[in-house]
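Questions regarding the structure given below will be posed in turn.
Which chain is which? They are A, B, C and D, in the order written, and residues in each are numbered from 1.
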């Protein structure tokens, strides 16, 4: 699939969002609403599995937005029951070519003592090796998704009950993953031992429990936020009760710091902190670390907005909407004309020429990946008559690919992998370019002392090259880790 | 068609946007881009007519977004030629029930000396009477659109040439209309004598000329903004030359002031003024007229944003994103489940709870129509723990329907038609509610002295009830004008 | 549109079928059934207009089979009322290129005293001239269909009532046409003065009246066949009563003899005669005129079957299914692969090799147009091991195009226009080839004395070149009539 | 899925057709053509898998006709390679509810030494037990199809090569099945030990080999018929060579006699006999066994036609088309109106009233299943004025369900399960009703001595209740076999 819009080839992409509900009437409707609120985590496709004592497991998987598929009466009626899980996906991991509908999660497997459906956000770093082993033993794979490895491991487990089967399976699995799964009567949530990817618990009414990638999806259904599933924890919810288990050896957590920078919605709460407030605070730190004399602080919409508000507030320079986003840019174009293809960023953004003309403009963006979009935006701003263009980036230089469920370009496509900050400034031909420091970012997320280099509080591999989980499949494919210093 | 999203039944709607190009290769591609930039003026359907010496007139009309239809190679190849016009429409005027594809503009008619296609933005206030008369004489109507009246009048004109036929036709027509039309060789633009609806002229390269509802659509194709078509002017562009004609008796202009408030995109230029700057200035005026002690100025996204920035700047109260908009709310739901239908505004907006909690919040919105959305937003803000809620509205109370091409509810559905400002505050159950004054609005659009009550500089009938053009058809249907004071 | 199946470029095509009902509940449902029974008269598209006092005129037009469109509850509910007319069309007459949905009948026009919908089967031979004249006067055409001329003539009539307007219009119209039309309260049927195309009257229950192209469509709804609309007659049915009018100067009738040969369904009754029996009798006549010593009489399915049965019976040679038709060949292929395109006739037919091998085979076909299919069938039969192949054709050589509503190739594409019977036999490389004589055909349709050359009882222009109605538009376009002898 | 047309609930249905090709360019195109020729064996859905060294295995599965899906250039381009297999299916065996696209064959599985795709025609009578056992061992099923059992058995085989794995799997499988399978380099065909279902071998050009359910699909691609795959034989074709293996214990064959009566196309060759000739001969036998004085022999189209021709020829009573079939009745109606639903058989058939009136009519049909259609046809014939109606049925009474890949109603729905021939005659209210005797049928298929009761030459379980393979799954579900006599 081509990128969803002109920016998309110049952003990192969260692969997935997961959501599960138990103990409510028409659970699938709640899952649909939750997935709609998590749509920013994956726009390519979505799926829901529900269970109802009468009709058993039912599932629907569709390409496209949740709102275009999982709102229709006729479809939702095929997903009855008080227990359901769902998934939205971005395209990456999986087969070489186009995603097939069979690759869309959740996956379902029937076992000798019942069945289970499973969906995950993240990446299993030894999935290739596991798959080879399972095929050797006679398992038949129907998809290219990592989730299917877990289902096959569960099917072959010698345990009888599904939670025990899952623990068996998880002990073979390496990587970063937040799992939502279900049996006929249980809703199950798991986070990997480092807790790289998010997963939260909510409650609705007397008996309803929710698992969700982010808190914003609790808000949409009016659920109460209880707590996060802890790193390495497995929760099993049944008959209105939650049981907590610990299938893994305990480790210090390493939550993905990029969730704070870009992936999560600003109205979500991560680790007890408002994402919006963290981003605003990044802007404040940036204004302190990298001040510049200018007339206007202008966000690159929409992800740069909170940091721009923080930067403007701290610097005292007026905040203004110098770039206007077209509200009607949605999904991919199908077979567009050459001319449309060439319009690129103009289809999505327009410069507010009257505001920009003659001004020294500070553009605040969340990150620089390939740098292609930054160049185009800079050109649009200068064409509109800006006197100066200063880029301020709300994350450190992205110099390493992520192997934990985020779609990143190969290392040689990352601008920061081959250029210093000054070289990037020259490449982008802007008057100045500054990234927030890694310590500044850690301060903005609440670590007053900054990053602990001995034992970093977060996973920041995309900035530092320090991978907390060995990317086994990728190393086998030839990826070279950063040399130990 | 049901409203496009939860807000849509509580906004005024511009019916249409028009765009035309002459003198460029593959003109229809430019029209598609222009219409994409004008999509905010009408999301229901769009159409393009092009002319090519070899294949003659070709047309395509589609329901849905421009980007979903008029980007496909296969469709655009059917619209060859260096001359094309297009239209996007919102649903209103026309037949009682659902819009049929035959109601989608542009309309085409073949005359004895050639043919013409025509699209308009606005409303012909004597269309019903004209239609009756034409049918009596033997014309056969295929649509319920006003544009078809003009085509039939042109077909019956005793003049031979199309521009003369059009002038003949226009002399029979009353109302507010900006027309873009084309013959085999000419691009024609017309604004009604009062110039109620916008229409601008642009140039592209040596020979290319553009007509567009707004300047933002010139930007997307890289065209240069030349000037507005003047009220009562008819421009005929052929062989790279523009001729200006004056078919109407001259009158003082009365441009629609609501274009400044809401309809136009903030990056457009209206009457030489930046729409963004005007809206920011409305916020400044509001802060002066209606100050209040509070902790946070928060826009109702996205239309309230510029005024909120102005209000925050003038008042010194911090600006923050207290309400987060879901980027993936697009078009109408098709047959949604009951539960989805009931979610209403939550599907589109979520409160940034961490930011709002405990704060005294000033909510800046562009207008209040029925008041239904305002109530829901107030409830969301209070549920999230706001200490106080103060509404500041960037337009005066909307108390009268528009008959000039804007879709407004019947008068008794307008909150301001039956309530005073205090009654509205009590109805909405907010701590305070203030609208900008009519004079304040006029100041914000650049009339330092405010509104000239003897001879208002703008059409403000929706606020004042003073209709500059008699709505003949509506009066026949029983509408009662405001009594002269 | 490419041909619907391999044979289609080698047959004459009836353009249309018409059907109308008044005085029954849910009339549109009956029209749908009737059109399904008339589908052989036109497979490209169909349309239905109904009238209901509450919702007025409603219409639906669709490409494709009646059964795929006009059976759906959701569509049929939009066509309420006790009065409806419908139409199925084949593609020909009309615009150069692809048919547009706006070209699909029935057409509807609103007049000053009401409205009318109209559908016709046939061709208006002065349509081009009428259209030019109407455009000159200011009428705007929306389609390329002949029916629209009649509607515009009616709209301009000085008469007040629809039947009188229609008589006014018909007096300007030349050609071969069977019309079914409706007002809000009347069902109207008309046949041209020569009665070239068929139209019959049926009754259903107490108050129901039906007009239909063929009697087979009366059977499907259980209606009783009453009589034919007579040549030059106009019937107006209202309040359960039928009124007969005579708008034209009386002439001797000239019914299309090809309806007996091929167009009509074998289970229909034409002019009081069973079509099946006529075709069987053609086979009997052929066996008498052109006997041959052989082992097997084999129809080219399905149109040659009745004549083959007659031939076998008369000759005493066994009848057998030597060619098997694939039941699943339906409509056109959309963008087929090269390989599929090249398969041609094999996709539709297969030879029953075990039956054919070593036999002297008489193949009975209904007609030879271009001869392309006959060649392919002959090859298939020989490949399967037939000892001899003898063609017997149930119509005389088709040497002239039809201008009365039948789609025929240009004259130079007709095999019989340039070759004698012997030359055709050599061209087809068969052991013998014989067509029934024109007199034999007249005998088979019941004219014991054969054709009356002074005043032929039927229109047989496609065989004789004697056109009973001057094809004015075609002559203007350069068609040369046969020189008078 | 509702029945495809009014008759369909009153016929037995062959579930499937299979077709495979190796050694030709663009093999999938040939498979598409072959499946088109086999469409009568299954209309619900079709699938093709191809293999190409570069892109590996590719597959496409679609609901609907082959001709509507597998003719498009765009789809066929996704199926490259010189080796491909395909399948058409009717709906039966499988999950309780609607067929899902994942249930559509061929199935594909990846093994440790490669992969294989498989499609079958028939039924595995111990599939339920096998499935339970495989799930117990950890296999995960993705479909409800029997073919998937074979793939899982193959995946778990300890053999390394695919043919050996398949032999391993087949030894666990009971039932009636003709299999077409492929690896990356081999085309494989298998028939069960009794050879209940057909499978033939063909050649095309130098290197091309074909496997097909029937010979008619060889004809369409111009391939030469070589021989049948023998009962219990497994053929493996690679590098232009065919190897024959015998994985099963040899048994006397029991080919399905109903293939001769109804399932196969009349232009196919079964066991060296022309199906058409066999059916004609059944008519001859019927005329001898059950003569009656009458005026007309009339087939129930289309399946009764060859037997009617035979009956007419033997009896000397004229043959005629008393019932005309609508050519445009295709697939299922989607949500039809009540009125359409009630039309039933009239949508498909019409009586040729002029031919039938006053006649004593012999109706020849292929079989009587529930008897519902026979009643309707009898009524139509009498309504049309027939003097007498005599049914002659070209098969013995169908009194037992088939469990070998044919969709039959439950036993209590079979008219012959509860009524004698005389009772059926009274139930149908016809003047006479006679079925061919079982011995007569055996004579018609070439067994001059009739049926050998000790060791029947064919599977005739649907007539005799003698099941040559124990229907294990069905017995477990409660089916009661006929008591041994």
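Observations
Note that contacts are C-beta pairs under 8 Å (C-beta built on N, C-alpha and C of every residue); 3 or more make two chains touch, one makes a residue touch a chain.
Quick caveat, the model's predicted, so the values are computed rather than measured.
The minimum number of touch steps linking subunit B to subunit D comes to 2.
Distance from the centre of subunit D peaks at B, each centre being the average of the chain's Cα atoms.
Between the interfaces B-C and C-D, more contacting C-beta pairs are found at C-D. Each chain gets one centre point, the mean of its Cα atoms, and the points for subunit C and subunit D are 37 Å apart. If you average the Cα atoms of subunit B and of subunit C, the two centres end up 51 Å apart.
Counting partner chains per residue, subunit D has no residue touching two or more of them.
Residue ranges on subunit C touching subunit D, taken from their complex, read 26, 29, 32-33, 36-37, 39-40, 43, 65-68, 71-74, 76, 216, 219-220, 222, 265-267, 269, 273-274, 276-277, 280, 302, 305-306, 309, 313, 318-321, 324, 326-330, 333-337, 339-340, 343, 346-347, 350-355. Within the complex, the subunit D residues that touch subunit A are 102, 109-112, 135-136, 138-142, 151-152, 155-157.
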